[in-house]
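Both complexes shown next keep chain A, but they swap its partner, so chain B is in the first and chain C is in the second.
And then the complex of A and B:
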């Protein structure tokens, strides 16, 4: 099989950039911890009352860090609103009590799938005050487009 | 790069061998089903665009998600699959000789199985018993007939695939030691991919969903079923794109009056597509819990390997263009471009598809980029992306193909008027897509969700801004959708005209003569056992440990949720 000279250059250049690109992704992921949400914790979606999700809501972990345990369900979230002061870091732990949903804060990097039986996690620091919209971007039934909650970030 | 061995005269004089009329009929019936599905599908698309833009309100008996399910099934599954098999049956008959009566009968059986499956699934969608979208993620549960319909659809295509492979291997047996015709080689690679990939969706539908929907099991392992679905879902895209590449590799060189310049590279590219499009489904599940970062990254690396055959393809195609343009007297750095037949829809429509594949492919690199995926996952960006890839690159390539394939199998001629109509169709489709897909991409970057009916999220300012942008607005999406629908209706008219009203006559099946390097085809490229073996090893490597973990460490399963979809 004969490779033309230009084709060799083209392929070497292409494969070279590919390797570089994958290396950048890999270093960002494994050296700097920029990982996609891949939490491994599990729960019994039909018996959330018996799990850490029995009382969903906000817990303060330290001065400016909070943990929000949230249950996604057709067609809303529990709780429907949370409130934190500006500058807070919130660790979201979210699960579903029925079908697959998402937990998405448009305009941020928080965007994860919520599959029943699994807990997914994301972390975000709210540096701007305002009312943040949370929505579900995984189809979950006829009322999917009503599914939302709010995060009030107070000044 | 000048190739001195181009000899146009050698083959333009050879009288065209037409395909057997019986095989032509088989192809024609497939193409017809494809275009009727296309018509219904795009009307659904129009309604979606207008409804999401808040410009119309759907009647109470017609749900947004019901239409969306129909749109996905009709266009992404039915239209593509039928037109691909129409092309395969015609092309195999042309390049490997007429099908035997036995094989042709098998092909008809496959057509009926597939079509019965389609009708079953469509009926359930119409009855609003299956508004689970074309990806039917558990634990939303559709009527069991929807699952049976989809199973028959897949099984039918396997039978069709077996017919084509049998025809190919018969040729090889009769011509021992010779490199097989490129068309058969590429079709076989595509079909092996389709069968191996289909095993995943068959496993989840037959092994998990049907027993659960029928009440034989109480619970379903949701993550496992999603994983099996995406094991199939990514190669599904390659099942669409590889036949389009076949048009680029095999048909376009002849249409522009040249020949493909390397057959071995084309074969190598197809082998690489076969190997590297299956063990990569996790790139659709990057945002999901229950799969470790490590396995997501492994599959991300494998995903990016497809860059290599894509580069090979881009090189081959443009080298063929340049070589042909220069043979026809084009000089200088770019003036050979002028020698290409821009006024010929058989070239122009696929060419626009190729052009759009450049930004579309760049977008695809972003989608698969691990961390970047969080920004766009399940937003309208993704919808914008696949309306460029499958909805434009593949669709325009098939449009271009329809202008010779339909008259060929109906014994008619492509007229000047039809050619012009095809060029107009191509422009309209491209312009409509620029608006629709362009706006979808930007809305997606702003966070607008996909698969979501009209909503302002209780007038949240962020959601309202998705209606107020000058270009980035749901209104632009709707506008683009209207232009696209006009283009689609025109294409349906072109189909009807070419099928039943164009003047009778002979039409050429444009197919490149064997490239000069054909006698030197390395034998290893034809060693299917080897490639299937490597494909299996890669799949086992990428999936065994994560799937084992999903089964052994599964959380309690999910019951059915069918009340949520009505």
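And then the complex of A and C:
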């Protein structure tokens, strides 16, 4: 098959870029364990009272690791505030009791969709003290723009 | 007579092919490709510093 010299150049360039992108993603996924927020964990959205989400809040797992179980609903989060010391790693496990919401901490990689019936997870280490805002960025109804919670990171 | 006419036509087709240049295509493909590469790495860098 005859290929023009320039065609060879851009085919190599295109295929090379694809291989590069896939290699970076593959290393991130398999060597560093990065994965999407959905871990295929499920919960009965109509019966959260009888699930691990019956008492949402913060649990300490070890010295500087916490698990935050949070229920997103129209138009807020339960609990509305959590407080952790600086340097803590928080594993967020979030579900929704009604419609699709999101759980977004602006300026961080914590940004995930919250779907009823599923438990989505994200992890973040709070190295800077201060007040962090959590927002919903999936339009969920008339009060969507009021939907927020706070994370207080104490020194 | 008819054969001669076809030959002339083939010569013309050959000539048009030789004249076509892929230089502009190459420049544009490389421009778009570089833009995609730079954007991808810029976004990946943002992801890394926010982790």
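The criterion applied here is as follows: the second predicted complex is superposed on the first by the 152 of 155 C-alpha atoms of A that agree within 3 Å, B and C clash if a C-alpha of one lies under 4 Å from a C-alpha of the other, contacts with A are read in each partner's own complex, and residues count from 1 in each chain.
Here is the rule we use: a residue touches a chain if its C-beta (ideal position, glycine included) is under 8 Å from a C-beta of that chain, and two chains touch if they have at least 3 such contacts.
Model, not experiment: these values are computed from the prediction.
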Chain B versus chain C as contact partner of A:100, first or second or both or neither: first
Between chain B and chain C, more extensive residue contact with chain A: B
Which of chain B and chain C A:9 touches, first, second, both or neither: second
First, second, both or neither for A:137, with chain B first and chain C second: first
Chain B versus chain C as contact partner of A:109, first or second or both or neither: both
Contacts of A:57 with chain B and chain C, given as first, second, both or neither: neither
Touching partner for A:21 - first (chain B), second (chain C), both, neither: both
Residues of chain A at both interfaces, chain B in one complex, chain C in the other: 4, 6-7, 10, 14, 21, 107, 109
For the chain B and chain A complex, residues of the former touching the latter: 1, 63-65, 131, 133, 137, 139-140, 222-223, 226, 262, 264-265, 268, 285-293, 296-297, 300-301, 304, 307-308, 311-312, 315, 319, 365, 369-371, 373-375, 377-379, 446-455, 457-458, 460, 462-463, 517, 520, 522, 553-559, 561, 564-566
Chain C residues touching chain A - in the complex, by the definition given at the top: 22-23, 25-26, 29-30, 33, 36-37, 40, 44, 47, 50-51
Of chain A, residues touching chain B in the complex: 1-7, 10-11, 14-15, 18, 21-22, 25-26, 28-30, 34-47, 74, 98-100, 102, 104-107, 109-121, 131, 133, 135-146, 148
Chain C partner contacts - residues on chain A that touch it in the complex: 4, 6-7, 9-10, 13-14, 17, 21, 24, 107-109
